[in-house]
Amino acid sequence: MEFRIIKSPSAGTVDILMRRMGPKVNEELRHADAVGLVQGRMIEMICAADIAEKAVGVTVEDVKGSCPQNMILIAIFGDTASVESAIQEIKYKLEEGKNIC
Amino acid sequence: MEFRIIKSPSAGTVDILMRRMGPKVNEELRHADAVGLVQGRMIEMICAADIAEKAVGVTVEDVKGSCPQNMILIAIFGDTASVESAIQEIKYKLEEGKNIC
Amino acid sequence: MEFRIIKSPSAGTVDILMRRMGPKVNEELRHADAVGLVQGRMIEMICAADIAEKAVGVTVEDVKGSCPQNMILIAIFGDTASVESAIQEIKYKLEEGKNIC
Amino acid sequence: MEFRIIKSPSAGTVDILMRRMGPKVNEELRHADAVGLVQGRMIEMICAADIAEKAVGVTVEDVKGSCPQNMILIAIFGDTASVESAIQEIKYKLEEGKNIC
Amino acid sequence: MEFRIIKSPSAGTVDILMRRMGPKVNEELRHADAVGLVQGRMIEMICAADIAEKAVGVTVEDVKGSCPQNMILIAIFGDTASVESAIQEIKYKLEEGKNIC
Amino acid sequence: MEFRIIKSPSAGTVDILMRRMGPKVNEELRHADAVGLVQGRMIEMICAADIAEKAVGVTVEDVKGSCPQNMILIAIFGDTASVESAIQEIKYKLEEGKNIC
């Protein structure tokens, strides 16, 4: 699992992400303070999306079209503190190594 | 073979799964108590789907678009106990190492 | 080369296979007693399909969409004995190591 | 580079190949005595197709949809002797190791 | 991460890039003095795009269709000095090894 | 980086290449004396295309649909001497190992 946080993402960066998110994306995400990116194996990332979804103040989307082998990327939009805290939560829960989340 | 169980999956997580399941998915799956994810080589996962289908109280779908190499992901929806028991059954039968299931 | 035989496949399992077989699949395959799965490198699997086609009492289809690297999956439908015998034949002929089948 | 020759290919086998060849395939290929399959890296296979095209009595097609990594499959239709001789020619010329064919 | 700078790119080269950029590309990019190419893992390249976007005098696009495993390519258009400086910035920031950019 | 030169390519070989080049290919390429094939990592091949484009007497196209991992193939059409000289130029410039071309 690998992650990055982009503070104040540029419009072009959000465009690159949004073009890979499908047609009915919430346009409000363009104004998010930060975006967190988490990349990992598919089965892990669905858990990661669930953990982030249950966190406060963030919206989670999966970024298609990356065509990795068995890897997907999710993007977590929100204010910087919420994104950081959602990613901490994902790291903590996935690294616990339990199969139930 | 790798598996995860998500209890009370968030709406966003079920959305991510459903968008990868094709157009005529049963909308009732949105209200499942739990979803089990099983990932493995294609030939194994078709057996896994069959084992889970024959278990009680769960619905099985394959999750497309993961573009893995030779791997697919299946999702097993149902109440938590049924999902856990279907996954136990899959582990038991696939690990027996027999070619007939 | 890897293979599995599913006896009395569940309706959901046959659905997963059929959705990956293209639009004009023979609906009668739904009532097959057994389905054999054979997975291997593309060039081998075309030979395997040919060997199975020449066997008695089975129907062979290739299962698309698995997006493996250089691997495909074929499904062999028929009664259990015919499926088992077609797979024996494939194993025997491919393992002979001759380039002509 | 790997190759196989199928003598008297079954109708189903020719179907599997034809479905991966695009819409305007010559239907007469269905009646070929033999089909040779050659699989290798893309750049080699284009040379192989050219060598076979220049051989006598065979028709060459590339088989799409195998989604390999950097590999493609070509099919060489014709009578058995012509297919065998085209494949000998490919082996000989590609193994010479020259970059010009 | 790997990069290249093409000075005075030929029309054909810009065409190859543009055909992989989607329909609504800015035609003015055809007249850019230079194009920088940066290739790396998806999660890194989204950060790289953001760093370049925040640099002065360049336009960033992602180049689709390369179908790599977990890798994407971005193209940075602008005058030679701006492209070089954007790439220096990317190298510096990504090699810092921080997860926040 | 790997390359091959096909002298007097057969019509079928040019067809295989053209079908992977998109709809608006210059039909005159069918009459080229020779075709050079260069295969390598995407970022290198875009530089290679640029170097060949700037050479005299050749036309460069990228060959899609090979779905390699991070590799693409370009085809260089022209008379034999021009194709050979364009490929020499590519080898020389790419092997220099500079990041600027």
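Think of it as A, B, C, D, E and F in the order they're written, each chain with its own count starting at 1.
One rule holds in what follows: contacts are C-beta pairs under 8 Å (C-beta built on N, C-alpha and C of every residue); 3 or more make two chains touch, one makes a residue touch a chain.
Worth saying up front: this structure is predicted, and the values here are computed from it rather than measured.
With centres computed as the average of Cα coordinates, no chain lies farther from chain A than D. Spacing of chain B relative to chain F, judged by their CA centroids, is 45 angstrom. Centre to centre, using the average C-alpha position, chain A and chain C are separated by 39 Å. Centroids built from CA atoms put chain F at 23 Å from chain E. Residue positions of chain C with contacts to 2 or more other chains are 67-69.
In terms of which chains touch, the assembly is arranged as a closed ring, every chain touching its two neighbours and no others. From chain C, with chain D next, the chains follow one another around the ring as C, D, F, E, A, B. Contacts from chain C toward chain D in the complex involve residues 22, 41-44, 46-47, 49-50, 53-54, 59-60, 62, 64, 67-70, 72, 99-101.
Of all the residues in chain C, the ones that touch chain B in their complex are 2-7, 9-13, 16-17, 19, 37, 39, 63, 65-69, 71, 73.
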